[in-house]
Every structure is written in structure tokens, then in C-alpha cells.
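Shared chain: chain A. Partners: chain B in the first complex, chain C in the second.
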Partner chain A sequence: MEITVNHVSKTIKGASILEDVDLSWTGGKIYGLQGPNGSGKTMLMRLIAGLIRPTSGEVLIDGRELGRDMDFPPSVGLLIENPGFLPNHTGFRNLMLLAEIKKRITDADVRKALGDVGLAPNDPRKYRKYSLGMKQRLGVAAAIMERPELIVLDEPTNALDDKGVERICALIRRERDRGALVVLTCHDAAILDRLSDEVYTVSEGHVERRAAG
Partner chain B sequence: MNWFKLLEHDLRRGLLRWRMLLVPLLFLLPCAGLRSLLSTVQSGGTWMDHMLYCFLGEAPKGANGELTLSLPTFWMLAVGGCLFFNLDYMLRDLTNAGQQILIRSGTRRGWFLSKCVWNMASCVEYILLSAASVLLITLFFGGRAALANTPELVPALFHNVLFEPAAFSVSDMLLAAVLMPLVSLMALSMLQMALCLWVRPIVSFLISMALLVAAVFISSPLIPGSGAMAIRSGALVEGGVSPLAAATAALLVIILSAAAGCARFQHTDILKLEE
Partner chain C sequence: MKSLKTELWKATHNPMFYAALAIGCLIALVNVFENKMTADQLRPLILSEDHVGSRSPWGFSLFFLWLPVNTVSYGTTLYCVVWPILAAMPYGWSYLRERKSGLYLQTSVRTGRMENFVAKYVAVFVSGGIAVAVPILLNLLASAMICPYVLPNIMRYVQIGDGYFLSELYFTAPWAYALIWCGVVFLMGGAAAGLCFLVGAGARLRVMTMLVPFAILMVLDGIYSVVYERGFHALELSPLRLVLAVPNAPNPEWVVLATIVLMALTGFAGGYWQVVRHELV
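Then we have the complex of A and B:
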């Protein structure tokens, strides 16, 4: 997988969110995005995931333009802000509903993904009864369960305890090692530095690479 | 990707809604209002009398030489209720579980078309629920579960339009009080959903309501809503709005709304609702 962002700018309601962003990312790496709230990190993630369209410029996935040649990256796992699931279904049922769309994985894969993030596959509780941390884990499980080539994770360690953070970090590394391109934000700079192969600073719509710590 | 999986999600999640329990309440008011008219003809009324009354609407303005600013409240409630219930599903889904489904589907067009089918199914659900609610209310008030109307009620019901008692054919009444409201609702609801891609949902709803008001003042099959008024239906009154013309216009609105919505959604930014 290769992502190329060419001179991308994004303006919403007259406000410039991203300005002339250029990036070139390849699979098998973790790309960390760092910056204050409202700096444009999430917008950049939405752009790469195909959820929003650039005002100018282009986003290429393996040489094909998002929005022209395809609506979304062909293989993407996504966790952006609060994960949205059906409140009256269990975590397992929620993931199965998603898995049935592409039919790439079996229920055993779904159970494994739940186990990987520290959730019990047979937990009878409905999603609405989940704690914040459990919701976050389920969001990560949804993003990785189909072993996508592109994984976009916005604050995946939010609301997790230390053990949970370590578990998710290990998972992200595992996904990187199998060849996935991971784009990540995290409010904890130490975690971001530790995980990322390359860290980018997003500030006032500009994106600049800095060396990982 | 199986498009029917998208549709299954929308039908399951979009049709089973607690708010639909409000439908009987919406129809209780007009049905209760019919009681005074029924007492003048000393009849308990039938299911069809009640359905005709709920979707009666108002005679064309100026038909009796006067132009009043009154609005058919019960009709607006019956039609506007469906539009209100259908207003927010698409956007709520888009910012919740639907977002995960959308990116997995890989197609914005397929996702929107699934919402179009859901929207029309939701109108069918609304009409079926309203018919069932009216049946229960009719029986509760001592009426009969009959498809025939009460002929003596016609002059009072079709005020200023029909002056003699009349027994309409069942098929004409079903067309005027069930099928045409359904088709008109589908057109309005599709238009409303497509408009939500340009303006805020509440503005889209207000535009729909403005169209309903326009339909009260301008009797033309070209205005979605005109065909949903039984009192103006060409199936029941001479010189009324032709059901065929109204249905054709509604079909055109449905197709254009789906096409315009699809084209627009291809370029719509998917953000949080508050953004």
C-alpha cells in the first residue's frame, strides 16, 4: 500500500483546515500525527480514509485517486473519534454485522480480534452497557479485524488503563509488521514517539515531518 | 460487497424505531375530531370514513369564491408526521454505525441508494401503521371495520365540494385515502432526504412543510402533496387532481431526488453532525 497526498488543501465554511499538504507514505510503517486540538489531524485522517474530499489537490492510494477512481481505499480499518456501534447488540454481534458486508473473515476471526483487544467474545452485555474503555477496544477490534492494508486510528488509547494501552500498542506493532500502513494520533506524546516510525507535526493546517524520539 | 447487506442494515435499524409508537397518537386527534360529524348523521362510521377524514385535506382555495388562510391541520399532521419521523435517520446513521458500514461497502452511491429504498419502505411502514391505528381507534369509538364509506357523511366531509350523499367505490377510496397519500409521502420524503445533503435537516423539513402549505393553496398535481388530499382526488370528485398525473409527478420527484442525492453524496464531506 502506498498513499500519496499531493498539494492537498481543505477549507470548511471559509476556514482553512489543511494547507498544501504533501505526503508520501508506504505500507509496513506507523505514521504518527501530533498536534494540538483543532490543528487538522483528524481532518487529514478523514481525507485519507475518503470520508471527506479535498478542496484542492489529490489523495492517491496505490496510484488511484480517491474520489475519482474509487470512493474509499479498498482495504481500510477506521477508528475516528467515538466509535459508532449499534447499542442494542453485543460487541461480537456488532463486529459480525460489519464482517458480513465484505465476507472476508469468519466468526472465528471476529472472536480472535475481540480477544486481541482484551474483550470476551461471549460477553452477553449489549454495547450500550460497555464502559468507555470497552467501547474503545471494540473500535480498535473493528479497525483491525479484517487485516486491512490501511489502518487509521484516532486516539486509540483513549480511556484505556496502562495494561490496555500496552495491549493496543502491541497490536498496532503487529499490524505494522504484517505490512499494514498505520496512521495514528495519540494525545500522549511519549506513546506516539515510541510507536511511530515517522512522526508528523500538524499545526495550523501545515504538516511537517520530524524525527521520531 | 453485497448491496443487500446495506439494505438489510437500513431496514432493520431504520424501520424499528420507538418513535413509530407515536403514530396512533397522531391519528387519534383527527379520528376524535370526526366524532362530531358522525353524530350528526347518527353513525359510528367505518374505517374508511376515518381514513378519508385523516387524509381529507382541504378543498381548493377559492372554490367557493372565498380565499381563506386556514390550513388543514389534521392532514398536515398526518403527512408532516411521516416526514418528521424520517428526517434524521440518514445523517444519524452516517455519523454512527453507518460510517463503518459505508467504508466497508466501498461505494457512496450504493449506500445512498440503500437509504432511498429505506426511505420509501419507511413511508409504507408509516401508512400501514396509520391504517392499523385508525382501525383500532375506529373500533374503540364503536365504528365498523369496513372498507365502505357512510354515504350520509359525504356532504359534511366533502364540504363545499360534494353536496349529495354518495357511496364511493372501495378501489377509488383506497386510491384517494391510502395509495395516493403513500405515493405523495414517498416523493416528499425522498426530496427531503436529498435536500438534507445541501441544507440542515431542520431547514429541509421546513421546506417540505412549505411545499405542503403550497399544495393547500395551489391545486396542481405537479406540487408534491396535492395528490395526498382525498377531497381533491379526481378519483372521488369531478375535476379533481388526476391520480395518474399526481403519481407520475411524484415518481419524477422520487427519481430526480435519488439521482441528485447520489450525485451530491459522491462529494459530501462526512463529518460529525455538529461540524
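Then we have the complex of A and C:
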């Protein structure tokens, strides 16, 4: 997969969020976005995922323009801000409801994804009873379970303990090695540096690449 | 359509759906109790009636006591007011909640904006229709255990007359009429539930979304009542009252069907604008 961002700007209610952003990303790499709150990291992720459209410029996925040639990237897994699920269903049932839409994976794949993030597939608890960390793990599982070509993860290690962070980092590397293009943000600069192949600094709407640590 | 099955499952497997059904059935039960009392009072007359064929000579029949036709029933009055809320309860609020929780993003990226919206609209329509129509159907069946299901007597019962929805069928094949009316109520409920989409994700609480169809239909009812009283038209145009087979004024087939289509189109167009055209910020 190749993502090309050409002269993209985004303005919301008169406020410039992103200005003339140019990027060219390819599969099999982890791209980290770093920057202060409100700098435009999440907005850039939303643009790449097709959730919003640029005010000017274009986002191309394998040469096809998002918003014109397609609504969303053809194969994308998302975790943006809060993971959202049905409160009265178990984690497994929630993932199955999503998996049944595309029918690309079986319930065994869903169970494996749950295990990969450290959740018990047969846990009888409803989602509303989950701790913050468990909700976050379920969100990561939803993003990766269908083995998408593009994975967009906004703060995937939020609310996780050290062991959980290591598990999620290993998972993200595994997805990268599989060939997925991973875009992620993380408030912990050390984790972001350690995990990313390329780190980009987002500041006041401008995006610049810096060398990974 | 990939997500339709999932949306339909969610729409019919949630506590609000069950609550709407339960409330609707309780209201329908009020009418059944009223019918029971009427039947008990009139039992000697019913038993002594000299039936001419299957027609009740003086007019006592299931088909003028069941809920959509019985205009003097408390159950009918209550139902006529709350049905838009019942229609919106099962799933009308789902777009708002799923947008706020982030779940809508997950389903949208898997299906595409338009397909996801259509699936959600159909699920809202079907669940709203079921919540409104099932109590009416159960009321018919429960009342049938109490009241004689003989043909209504046109000489005695004149609330449904010329110009009313399928009036000829009502007096000749009332069971068919009753089942068709259940279908009409299903469509009315579904179309009213779709009006929830007009709010989009702008409301703060789901209860606000659930009250939108009710508020719209109440306002329309007020406007149409004023217009009707001033004699500008002689038909029942208020969608709120059109859920009854015997509204204040004649309800010809084209008025009923046009109302359903207009409500459905309004909900769908409003939803399309809110859901498909807007960004998933």
C-alpha cells in the first residue's frame, strides 16, 4: 500500500488545522506522529483514514483519491480516540458483529485477535464492565483483527500497564512485518521513537519528518 | 448489503426495543380490558342476537372495538399520542450514540458511508415499525378472544364510511382490512422512526433524539387541526392521527400512502444529509 498526501490543508470553522502537508508513505513501515495536543495529529489520521476530507489538496491510496474514487481506504483498521463498542455485549460478541460485516475472518480469527491483545475470548463480562485498559485492548483488537493493509492507531497504549504496552508494541511490529502500513501517535515519546521507522513532528498544522531515535 | 444483517440484529436485540414493545403492548392491553368490560355487559344481548349470516344485526363486533378503530377507548387515545415515541425508542437513537462512542467509524470504514447509512435507516425503519405494529396486531388477536368477530354492520356503525381507507373492504372482509391496517401501522411507525435522523449527531442525549418524531408530529398535528377547523380541507392530514383507522376526518388511501412516503423521504433525505454528506469528525 502507498499513501500520498499532496498539498493537503484542512480548515475547520475558519481555523487552520493542517497547512500544505506533503507525505509519501509505503507499506511495511511504522510512521509515528508526534506533537502537542491540538497540533493536528488526529486530524491528519482522520484525513488518511477518509473520515474527513481535505479543504484543499488530495490524499491518494495506491493512486486513487480518497473522497472521490472511494469513501475509505479499501483495507483499514482504526483506533481513533475512544474505542466504541456496544455496552451490553461481550468483547467477543462486539468484534464478531464487526467481523460479520466483511466476513473476511472467522470467529477463530476473532478469538486469536483477542488473545493477541491479552483479553480472554470467553470472558463473559459485558463491555460496560471492562476497565479502561481492557477497552483499549479491545479497540486495538478491532483495528488489527482483519489484517488490514492500513492501520491507524491514535494513542494505542493509553491506560495500559507496562506489560500491556509491551504486548501492544510487539503486536504493532508484527503487523508492520506482515506488510501493513501503520500510522500511530503516542504521548510517550520514548515508546514512539522505539516503535516507529519514521517519526513526523506535527506542529501548528505543519508536518515535518525527523530521524527516529 | 454487508452491514444490514448486523444493523437489524442490533436494532431488534436491545433493551429499548423490548421496552418499546412492552409499553406498546401494555397500552394495547388497556383497550383489551375495556373491550372485556363491554363484552361482559353485552353478553346477554350477544347471545340472544339473531345473526343474519355472519353480520351482527345491531353492530357489536371485534372490528369496531379493536384499538385503531375504537375512538372512545382510553387505550386508543393513549396510543395515538405515544406511538411516535414507541417508534423512535428501539433504534432511532443509535446513530447518535454510535457516533459519540466511535462505533459508527468502525462500521463505516468496513462498509462505506452510503451503505452504512442505508443499512442503519432500514434497521431504524423496521424496528420502529415492529414496535408500533406488534401491539396493534396483538390487540386484534387478544380482542378476538373476547369479542365476536362478525362483520361490522354498516347500518349501525358509520365511523368508517365512504372516503375512508379501504372502507369497502372493512365491511366485506374485515380480517383482511385489519391485517392490511397492521401493515399500514408498520409503515407509519417505520417512517416516523426515520425522522430521528434529522437530528444527526447534534443532540447531547439520546432521549432528545427519541422525542424528535413526536415533536415533529405534534407540531404538524397542531397546524393541521387549525387548518381543518377553518375548513381549508376536509381530509385527515395529521400523521399523528393517521395511525388510527378512524381519524377525525376521512383518510383515503392516497393520503395515508402519501403521508408515509413523505415522512420516509424526509427522514431519509435528512439522514443522508447528516450522515453521508457530513464528515465523521
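By our rule, the second predicted complex is superposed on the first by the 213 of 213 C-alpha atoms of A that agree within 3 Å, B and C clash if a C-alpha of one lies under 4 Å from a C-alpha of the other, contacts with A are read in each partner's own complex, and residues count from 1 in each chain.
The working rule: a contact is a pair of C-beta atoms (placed from the backbone, for glycine too) under 8 Å apart; a residue touches a chain by one contact, two chains touch by 3 or more.
Keep in mind the model is a prediction, meaning the values are calculated, not measured.
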Chain A as common anchor, with chain B and chain C clashing or fitting: clash
Partner chain in contact with A:27 - chain B first, chain C second, else both or neither: neither
First, second, both or neither for A:121, with chain B first and chain C second: neither
Touching partner for A:52 - first (chain B), second (chain C), both, neither: both
Partner chain in contact with A:97 - chain B first, chain C second, else both or neither: both
Which superposed partner A:81 touches (first chain B, second chain C, both, neither): both
Partner chain in contact with A:133 - chain B first, chain C second, else both or neither: neither
Segment of chain C that clashes with chain B, given the candidates 45-53, 117-125 or 171-179: 117-125
Doubly contacted residues of chain A, that is, touched by chain B and again by chain C: 12, 46, 49-53, 71-72, 76, 78, 80-81, 83-86, 97-98, 100-103, 142
Chain A-facing residues of chain C, complex: 2-3, 5-6, 9-10, 14-15, 98, 100-114, 279-281
Residue ranges of chain A touching chain C (in the complex, touch as defined): 12, 46, 49-53, 71-73, 76, 78, 80-86, 88, 97-98, 100-103, 142
Contacting residues of chain B [partner chain A, same complex]: 1-2, 5-6, 9, 13, 95-109, 266-267, 269-272, 275
Contact set on chain A toward chain B in their complex: 12, 46, 49-53, 67, 70-72, 74, 76, 78, 80-81, 83-86, 94, 97-98, 100-103, 142
